[in-house]
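Labels run A, B and C following the written order; every chain starts at residue 1.
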Amino acid sequence: MYLQIDIERLIVTAVHAADLTVLWYTFLVNSFFALLLILAGPQLFAHWRFGSEDVLTRSLTSSAAPRVSIIVPAYNEAVSIVDSLRSLLTLRYPYYEVVLVNDGSKDDTLQHLIDAYDLYEVPPAVMRRLRTQKVRAYYRSKTWTKLLVVDKLNGGKADSLNVALDAARFPFVLACDADTLIEPDALLRLTRPFLFDQKIAAVGGTIRVVNSCTVRDGRVTDARVDSRWLPGVQTVEYLRAFLFGRLGWNLLGGNLNISGAFGLFRRDYLTEILGYATSTVTEDFEVSVRLQRHLKEDAIKANVTFIPDPVAWTEVPTSMKVLGRQRERWHRGLIATMVTHRKVLFNPKYGATGLIAMPYYLFCEMLAPLVETIGLVLTLAGTAFGLLAPAYAVAFFVVTYLYGIVLSLAAVLMEEATFHKYRRPADSLRLILFAFIEPLGYRQMTVWFRLKAFWRYVRGDHSWGRMQREGFGAGPAPAAASTPAVPAPTPAATTARSLTPVSVPPIS
Amino acid sequence: MMAGGIVVAISFLALIALRWRIDAHHAEVEAGVAALEPILQRWLVLGGEIDEVRTTLRGLSPYAALRSLARLATQQVTFERQQLLARALRDEPWVKRILRDARSLLWWHRFDAARLLSVVGREEDAGLIAALLDDRSPAVRLVAMDAAARLKARPLLQQELDTLHLRQDAVQAYQFAALARQPGIVAEALVDRLTPEAATSALNSYIDAAGALASPVALDRVRELATHPAPEVRVHVARALRRHAEPGTPPVLVQLLADADWRVRAQASRALGALRCGIATKELAQAVRDRSWWVRYRSALALAQIGGPAHEELLRLTTCDDPMARDMSTLVSGLSSAAVVEMSEV
Amino acid sequence: MSTSNQEPQAEPLAQPPSEPMRRLQPPTDAALAMPQASPTPGGTLPPSPSARPPGANEPTPPIFVATSDQALARILTFALEQLRLPFRLIDSGTDALRELLAMRVGSQAPIVVLDVDLPGVDGHAILERLGVDRPDTFLILVLSSHADESVQVRSLLAGALDHLAKPFNVRVLMAKIQRWVAMSSRVAGAA
């Protein structure tokens, strides 16, 4: 009798304690996001001011901008490569080159390029510094003097990036994906930290969702918010992750995540750390962490910073299956990177990286899905069995979801207040709507995908998951159907892709 | 939890307010640009009186006037014509209103003042510009460089040269473009500073400046530094000399082509190409067989740039016994002339 | 927005270019010859006096302006209207290249004003392409945002006749175009 009551009381106490812990954890995590938001505000204002047209024009005409090699890995991109390359070749930037690496594509990516850009083979007069898969041939273009195409045996994305790093001539490299559309003045804006007298190791820019925007000549001419649930919610998610998530980090010891789809790096530093790691599934996050480590270990005073106004557009998954694979892979990469670089965690030698950024990624990103699941199960079960007062359940939902909604709304408003890419009121309303419905289903889904990552990591799975590529104009691509404004004569004017290898561990 | 909620709620409200304000400002500036543009274009195309430009700007709020003028002037008005704008607009009430905030504690006020001075600054603003050149905010400093370039003020340019080497490369390059607006004064100041005794980092910056200005008097002094003991300095010398088309230059460059440091050799090759030095053909052909990739690359490009017998020499190298020289010469000899220019200059 | 310069309003707008402009144009026979009525694209603009060669029957080909810079397009429109020269504005590199490759060219070489920053195909790539497929067909003037020597030299080497860096003096551009129109029609008239 006594014993039974004790066990019952023990269970109740345990459930209470656990739930309280989860409650506090969630509250602190979200408050940290609120802190990032507050830190981001003044910077957003500053960049909005600095981004004025006259200041941009000055930096363009002075040719003070550093020379940049854009490095682009491509694998089975035949359907869209010609057009996405076209947008890369017509950026508003004084001096740059584009190094495209065909990673042993199984389709006729290379032939498309040879035909469209008048390529001819040149001898391998390239400095080799990194160990990579065998390069088959180098090509230059008769019409585009700034284009170099490298054809190599298949070796994965990181391997292709390493080949491109070797072939690049300029001191800075912009890593981007073959299916990402870079805005014409984005590179010019991305070099702003250089003009502001900083020594730069890497700069990251914003990635936005292109689904259902109108694209002409490889440029987004009309920005829209997708009306469908899945891409729509991701639009808000990306805004939040980039607009204030990363901006806040500039003041907290530097960014740990420069997106591989749109990030500028100093080439020497990348070659000093032997380029990208071929063993990881999120090579961009891993290389950012390794770069920060290298800077701290060799006491190099160079910044890794993020600026909000240079924009690259990317297609996000529109099917649950593909989204699931993508998020699972990102999270698996995050776990693997945290394990590889565990030495940095809580290590004062690494300064803010070791004491703030890495612990943040451990507690607030890596463990978040576990804690949230425990919290949800405890709260639901506890309330159902009468172990918890309903007030607990209310508190849990307020702290987890309502706080989250407020943060999303703040991101939406920040975008509206500054860059204001979406001109139509309908799109603004959609963004607000998606901010509200994100916690209803989407959030739980991503938690589930990320939980799966733990399971696959433990099993030692290192695959990327199948890549599903559907190009525009080839079959019923969903994004094509929703962009009626695409001009008819250029059928490949819009790119649609179902899986984009951009590692963006988003803020939950 | 309450505190967090309140903070979030307040920032939320602040953002809503901000959004309204920014939208209103945006509309105001667009309206200003729309009003000013046709007037300014008439003035640019037809010439004549500037009164209409002045009246239009007077009709706008200072905020909108500054932004529309800054945007249109940097995009469409040449430096020489901006002097006319400066003469006509400097004493306008709205200009004075903005310049009154040039020493404000808020960086964006100082930024705006610098932007305005970069279009309408005149000799009497030298003191103000000197302060802005030393501003805490790098953005303000950057725009102030453009403002300083408007004036023929020796102390200002001296001040800029004194701090030149403390800046990062990109800022230095930006500054060179501004300094090149007053080549006479700057070259004179550079000549005094280009001495072998100067500190290496400062010396490098002065050499770069002399190269960017392409000033013969300053580059004469640079050429004398070709035997400087520090390899860093010799690299900068070789690079700057590509703008010094004088009879004395090629022999110095040929000498630098035999330097122990590969960076010096690469820059010397590049300079010989840029100067179209036919006399260095033999040495450049030898440099295509260099151990360093950059030297091979630069010297092959130089041979292509020089053309004539040098180009024939390059073609001969495509069948030589050295595989690396063969690859490089085959690559370069296949490039179009425009591609050669682009690759050798960048 | 720019309605004020589109209305056929003020007197000075309808007048021929101001005095210094006219002096820049040498008083050649071609320039002094009276214009004959001829259809021009758009129909409203009378052909420039300087554009009429004494003997040629064909109309002056319109000046082909390729730029995606809206402000630049507006000022060039205004300037070319002042010169009373027919022109055609294109804002995409892809379209510009397609039209230039397909354009039927008579005895007068068409004048092309080409911005380097264009979407689709940039000005330099257009130049390279024209240099291969239609060399010496057009009189090309290149506009670019940066003034570096190398940018200018490579435009000229790739087949352009002239290069101006932004911001440039519009009046100089106008004088150049006038001069080219006169020259090209005289060559055509002589042929």
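The rule is short, and it goes like this: contacts are C-beta pairs under 8 Å (C-beta built on N, C-alpha and C of every residue); 3 or more make two chains touch, one makes a residue touch a chain.
The shown structure was predicted, so the numbers you read here are calculated from the model rather than taken from an experiment.
Asker: Edges wherever two chains touch, nodes for the chains themselves; is that graph a line, a ring, a star, complete, or other here?
Answerer: Contact pattern: complete, every chain touching every other.
Asker: Tell me which has more C-beta contacts between its two chains, A-B or A-C.
Answerer: A-B
Asker: Between chain A and chain B, what is the gap in Å from one C-alpha centre to the other?
Answerer: 33
Asker: Between chain A and chain C, what is the separation of their C-alpha centroids in Å?
Answerer: Centre separation, chain A to chain C: 45 Å.
Asker: Where in chain C do residues touch two or more of the other chains?
Answerer: 124, 128, 148, 166
Asker: Multi-chain contacts only, two chains or more: what residues does chain A have there?
Answerer: Within chain A, the residues that touch at least two other chains are 57, 61, 63, 142, 145.
Asker: Any chance you could list the residues of chain B touching two or more other chains?
Answerer: Each of 74-75, 336, 338, 342, 346 in chain B touches at least two other chains.
Asker: Please give the residue numbers of chain C that touch chain B in the complex, ascending.
Answerer: So the residues of chain C in touch with chain B come to 1-2, 4-5, 12, 17-18, 20, 71-72, 74-75, 78-79, 82, 124, 127-128, 131, 148-150, 153-155, 157-158, 166-171, 174.
Asker: Please output the residues of chain B touching chain C within their complex, sorted ascending.
Answerer: 34, 37-38, 41-42, 44-48, 72, 74-78, 80-81, 336-338, 341-342, 344-346
Asker: For a test of understanding, state which residues of chain C touch chain A in their complex under the given definition.
Answerer: Counting only chain C, the residues touching chain A are 92-94, 117-122, 124-125, 128-129, 132, 145-148, 151, 165-166.
Asker: Can you list the chain A residues touching chain B in their complex?
Answerer: Counting only chain A, the residues touching chain B are 27, 30-31, 34, 37-38, 41, 46, 49-50, 52-55, 57-59, 61-67, 95, 120, 122-127, 140, 142, 145-146, 169-170, 191, 194-199, 399, 403, 406-407, 409-410, 413-414, 416-418, 420.
Asker: Could you list, by residue number, the parts of chain A that touch chain C in their complex?
Answerer: Result: residues 57, 60-61, 63, 86-87, 89-90, 92, 94, 142-145, 184, 216-219, 490 of chain A touch chain C.
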